[in-house]
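Each of the next two complexes has subunit A plus one other chain: subunit B in the first, subunit C in the second.
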Partner chain A sequence: MKKISLTKLDEFFAAVAASQNLYLPVDGAKGAEYSLWTEGTVMSKAYNTLRSAKDFFFPQVETLAAFKVNGKNIEVEDVRKETEDFVVFGVRACDAKSFEILDSVYLADPVDSYYASRREHGVIMTLSCKKPTETCFCKAFGIDAANPGGDVSCWMTDSELLLQANTEKGEALLASLSILEEADDNAADSEKEKLQTILDKLPLGNLSTESFGGDKLMALFNSDKWEALSESCLACGTCTFVCPTCQCYDIRDYDTGHGVQRFRCWDSCMYSDFTLCAHGNTRNTQMQRFRQRFMHKLVYYPANNNGVFGCVGCGRCLRSCPISMNIVKVMKALEG
Partner chain B sequence: MQEGMVKRASELLADGTVVRVLGWKNGEFVYDPTPAVFESVEALSDFVYNDFCASNLSKYLVALSKKEGKTLVFLKPCDSYSFNQLLTEHRVDREKVYIIGISCDGKVDESKLRAQGAEGVTGIATDGDTITVSTLYGDVQLKKADVIAERCVTCKSKKVVAYDEMMGENGEENPDCGRFDQVAALEAMTPDERFAFWRNELSKCIRCNACRNICPACTCEQCVFDNPKSGISQKAAADSFEENMFHIIRAFHVAGRCTDCGECSRVCPQHIPLHLLNRKFIKEMNECYGEYQAGAEAGSRAPLVNFTQEDCEPSIVYTKEASK
Partner chain C sequence: MRSETLIPKIGVVTDIRVDTPDVKTFRVVGLDGKKVFEHIPGQCAMLSVPGVGEGMFSITSSPTNEAFMEFSIKKCGCLTSWLHMMDVGQQITIRGPYGNGFPVESALKGKDLLFIAGGIGLAPLRSVINYVRDKKENYGSVHIIYGSRSADDLVDYQEILNEWQTDENVKVDLTIDRPQEGWDGHVGFIPSFVEELKPDLSRTVLICGPPIMIKFTLDGLKKMGFQESQVYTTMELRMKCAIGKCGRCNIGNKYVCKDGPVFRFDELSTLPNEY
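So, the complex of A and B:
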C-alpha cells in the first residue's frame, strides 16, 4: 500500500495528470460531475456524482463510421482516433462494479472494439465512500463499499490518501508516481471500520435479492403486480440514462448533407420504439416496457451471467425518477 | 389534510360517485410518493399527501377519462390550470372526472434539502415553518421557506380554477409573484451572453425526455421526435444544433398552451431551468397581445390561435434596438 499526505493532494493530481488526462468529481451548481482536472480544480466531497462514470467507456453518442457518397461510389471512413490514456479518480465501489457488468456485455465475443479501446486506455482509481446516503444499497448486490475495487483502490483518512493497486495497470500507474510513499498494508483498516458502522445503519442496507435471479423467470414475468407498479410511469428514459449498468444502444444515420455519419446512442427500454423491428414492436404497452427493465436487471442478466445481478445499488434512479418509482420499490413489491 | 382527503375519497368510492381515486401513494422514504390510482377504500390506506406530493396529476386524466366510470382526482392550484388547458384541447372528458380542489402552500424541493446539508435522510418532520430532517449524520433544522421549490417561490396563483368541491379555503391569484424576473435578467444580457447561458444549460441535456413526458401540454399520441417515419426522430442529439432544436421546438409547440406549472424543470435530472424558455414565450405574448394565462378558464382562446385585426406585428415591436 502507498500513501500521500492530503496537504500534497494537488501535487499528486498534477503528477497523475502529467502523462494523461485525469478526470475526477467536481462540484457544480446542482451536484458533482466528472470533470477534467486542471491546476486549481477542487475535488468534490459529494457522496457520488449525478451522472455515472459509464460515459468514459460507453459515451451517450459516438460516431462509428462515416460514409461519403460520390456519384455511384460510397467511401467508408473509419473515424476513430487513437484513444488517449486517461485516469478516472474518485469512482465509488458501486460504479466500479458497473464496469464489470458492462465488460461482460461489450468484451464478450464479438468484442466491441470501440468500448474495448477505451477500457484498455483507462485506469480506474476508486475512492472508498465517506458518507453513503439513504439511497445507497450496493450491499444488496454483494458490493463492499469499504473495498471499492478498480485498478487502484483509495481511502482517505483525515490526513492521508492511501492507495492500493489491484491490477497490473494499477501497479504500473502507482510505480510511475515517485511522489508516493510506502504505507502499512493495514493503514486503511480504521477507515474501513468507520465506513462499516455507517453502512450498517443504511435504511436500504438489508434489501434482499432472494426472490430474484434467473430461476424465477416465469413467476416474476407473470406477476400481477406489474400493472400497478407501472401505471404512473411516464415512459421517459431518466432511469436508464442515469443508470451505470444500462447498456442498450441504437444505431442511427445522420445526414450531413454531403454524406452520412453512422452513430450509436444510448437507447432506453422505456421508449416506444425500443427494439422496433420490421414486423413492429415486441413490447406494445408501457407495462411491458417497464417490466423489461427490471426483468433485465433482476432475472435475464443474472440468468446469463452466473447469477450476477445487473444493478449495483448506486441509487441514482431513486433520486431522479420524476414519479419516484424505482428498483427498490419494485423489488419490495414483487417479493411482498 | 391527508386525513380529510382519505375520508372524502372513501365516501365517494362507497356511494358510487367515482370508481377510482387518483392521488399519491406512500414511498420508501418521506419524500418520494408516487402518483397512484386507488380502486378501493382498503387501498386508500397507502394514500399520502404531504409537502413532497409535487407531481401534477392532470395529465394522467387523459388516459383515465377514457376508462369506464368516474375518476376522483385531487388537484392543487397549478394542476387545475393544466386540467383546464387539457379540457380546452378536448384531451380529457370533464364528465368522467370528479375534482376535489386542494390548497397548496408550496412543495418542498428535495434537492434543496440536500444542498443545505440534509444528506442521508431517514425522516422528515414538519412543524409549522420548520422542517426537521433526521439524517444518518444527525438532525438538520431548516426553514420551509428556504427549501421550497423554485417554482413555488414565484407561485402565480394559489387559486384552484377547476373543481367540483373545494377542501378548505380557495386561494388567490398572485400577479406580483415576480416569475418573469429571471426572464428579464436573461433579456438584459447581450445576445452572446444569452447564447452562452443557454448553450451551457442545454449542453447538459441527456435527452431522457422527462420534460416532455411529464408536460401536461405535451399530449400528442406520438411525438414527432419518437416517430421513426418523421425523418427527425432522435434518441440523442447528434450535435449542439439538435440539442437546442429539441427544446426550442418543444417551447414553440407549447407556446400559448403552457400554464407555467414548472414540472419540466422539476423533473430534469440535469437540473436545466427549462421553464425559463416557456416563461419567455408567456412574457412576450403578454406584452404583444395583453395578459393571458393559459388554463385560467376552460375554453378560452389563446392569443396565438385567435387572430384579431388589432394584433400587433411582433417583428415591429421587437426591433433589434427596441428596449422591450
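So, the complex of A and C:
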C-alpha cells in the first residue's frame, strides 16, 4: 500500500495529470460531475457524482464511421482513433462494479473496439465512500463499499490518501508516481471500519435479491404487479441515462452536407420506438417497456451472467425519477 | 487497430428483379465482384444506405450460390423505399453474416422437410430450400406450402414454377387469400390449407410469415400431432447492432440477432411472448 499526505493532494493530482488527462468529481451547480483536473481544481466531497462514470467508456454520443457518397458510389471511412491514456479518480465502489457489467456486454465476442480502446487506455482509481446515503444499496448486490475495485483502490483518512494497486495498469501508475510513500498494508483498516458502521445503518442495506435471478424468468414476467408499478411511468428515460449499467444504444446517420456520419447514442428501452418495427411494435404498452427494464437487470442479465445482477445499487434512479418509481420499489413489490 | 463489425463493407447491386408489386430481389456482390462473405441458410446481413439508415435482412440466396448473394425485400419503410428506388450499379453497405441460421448440417440432416411460408416470409426459407435442393443427398423429400395475398404477391413465382415444381424431390402447394381471375390453384388462408393437406407428421417443419399466420399455423400443426420440437421459425425484430449489444431485439435472456433469428418452438415457449 502507498500513501500521501492530504496536504500534498494537489501535488499528487498534478503528478498524475503530468502524463495523461485526469478526471475527478467536482462540485457544480446541480451536484458533482466528473471534470478534467487542472491546477486549482478542488475535488468534490459529495457521496457520488450525478451522472455515472460510464460516459468515459460509453459516451452519450460517438461517431462509428463516416461515408462519402458520390453518385452511386460510397466510400467508407474508419474514423476510429487510438484513445489517449487517461485516469478517472474518485470512482465509487458501485460505479467500479458497473464497468464489469458493461465489459460483459461490450467485450464479449465480437468485441466493441470503441469501448475496448477506452477501457485499455483508462485507469480507474476508486475512492472508498465517506458518507454513503439513504439511497445507497450496493450491499444488496454484494458490493463492498469499503473495498472498492478498479485498477487502484483509495481510502482517505483524516490526514492521508492511501492507495492500493489491484491490476498491472494500477501498479504501473503507482510505480510512476515518485511522490508516493510506502504505507502499512492495514493502514486503511480503521477507515474501512468507520464506513462499515455507516453501511450497517443504511435503510436499504438489507434489500433482498432472493426473489430474483434467471431461474424465475416466466414467473416474474407474468407477475400481476407490473400494471400498478408502471402506471405512473412517464417514459422519460431518465433512469436509463443516469444508470451506470444501462448500455442499450441506437445507431443513426446524420448527413452533414459534406458526407454522412454514422453515430451511436444512448437509447432507452422505456421509449416506444425502441422496438418499433415495420410490422408493428413488440412492446406496445408502457407496462411492457417498464417491465423490460427491470426484468433485464434482475432476471435476464443474471440468467446469462452466472447470477450477477445488472444493478449496482448506486441509487441514482431513486434520486432522479420524476414520479419516484425505482428498482427498490419494484423489488419490494415483486417479492411480496 | 482491431477489426470492427459495426464498420460495414461496400456492396454493389448488380441486378434488381421485380418480384411482386412491393417486393424486389437485389443481387449484391463486393467491389471485387465476389461474394462479400459466406453464410449459413437463415443468417442475415445488415444493409444500409448511408444517410438513410441500416436494417437487418435475411439472405435469400443459398450459400451454394458461389457468385453472389440475393435479398428479397418488401417495401414498407424509409430504408426499404429507398432500396426500391435504386438502379443497378448502386453501391450500398453490407455487414454480416449475423445470427445462428437453420441447423442444416445437424438437426435437419437426413430429414423430410416441410416448409410453410406466407408472403415475404418465403425470403429466409428460400435460402434453405435451395440449399437442400443442391445437396439433396443429405436430406429427405421436400414439401413446400406457400401462400400470399394474391397470385401477384408470390415472390419469385418463376423459380417456383420452373425449378421447384419440376424437381421430383419437391412437392409444392400454393394458395392465395382470395379468388383471382386466371388462378386455378387453391384459394384460402395458409393455416386451413395446411390442415387440408394433412402433411406427413414425420416431417421437420420450417415456418416463416406474418406473426398471425405463424400463430394459427402452429396451433393447427399441434392439433394434427406435430411436436413443438420439430418446428422451427425465424424471427424479425428491430435491430441496430446485430451482435447482441444494442439491446433492441432482447426477448427474455435471448437476443434474436445472435441467439436467433432461428428458434425451435419448444425453445420459444420458455420465453416471454414479446415477438
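Assume the second predicted complex is superposed on the first by the 336 of 336 C-alpha atoms of A that agree within 3 Å, B and C clash if a C-alpha of one lies under 4 Å from a C-alpha of the other, contacts with A are read in each partner's own complex, and residues count from 1 in each chain.
The criterion applied here is as follows: a residue touches a chain if its C-beta (ideal position, glycine included) is under 8 Å from a C-beta of that chain, and two chains touch if they have at least 3 such contacts.
In this text the structure is predicted, and so the values were computed from the model without any measurement.
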| item | value |
| --- | --- |
| Which superposed partner A:237 touches (first subunit B, second subunit C, both, neither) | first |
| Touched partner set for A:106, first subunit B, second subunit C, both or neither | second |
| Contacts of A:218 with subunit B and subunit C, given as first, second, both or neither | second |
| Partner chain in contact with A:250 - subunit B first, subunit C second, else both or neither | both |
| Which superposed partner A:203 touches (first subunit B, second subunit C, both, neither) | first |
| Which superposed partner A:132 touches (first subunit B, second subunit C, both, neither) | first |
| Which of subunit B and subunit C A:267 touches, first, second, both or neither | both |
| Partner chain in contact with A:74 - subunit B first, subunit C second, else both or neither | second |
| First, second, both or neither for A:276, with subunit B first and subunit C second | both |
| Doubly contacted subunit A residues - partners subunit C and subunit B | 250, 252, 267, 276 |
| Complex contact set, residues of subunit B against subunit A | 27-29, 32-37, 55, 60, 110-111, 119-122, 135-137, 206-210, 212-214, 222, 226, 228, 233, 235-238, 263, 266-267, 269-271 |
| Touching residues on subunit A, where the partner in the complex is subunit B | 29-31, 47, 50-51, 60-61, 131-134, 198, 201-204, 228, 231-232, 234-238, 240-242, 250, 252, 254, 261, 263, 265-268, 271-273, 276, 318-320, 322-326, 328-329, 332 |
| Subunit A-facing residues of subunit C, complex | 1-10, 48, 50-54, 76-77, 80, 87, 89-93, 210-211, 236-238, 240-241, 243-248, 250, 252-253, 270-272, 274-275 |
| Subunit C contact footprint on subunit A (complex, rising order) | 64-65, 67, 69, 72-76, 78, 80, 82, 105-106, 108, 110-114, 116, 214, 217-218, 221, 247-253, 255, 260, 262, 264, 267, 269, 274-279, 282-283, 288, 292, 295-296, 299-301, 303-304 |
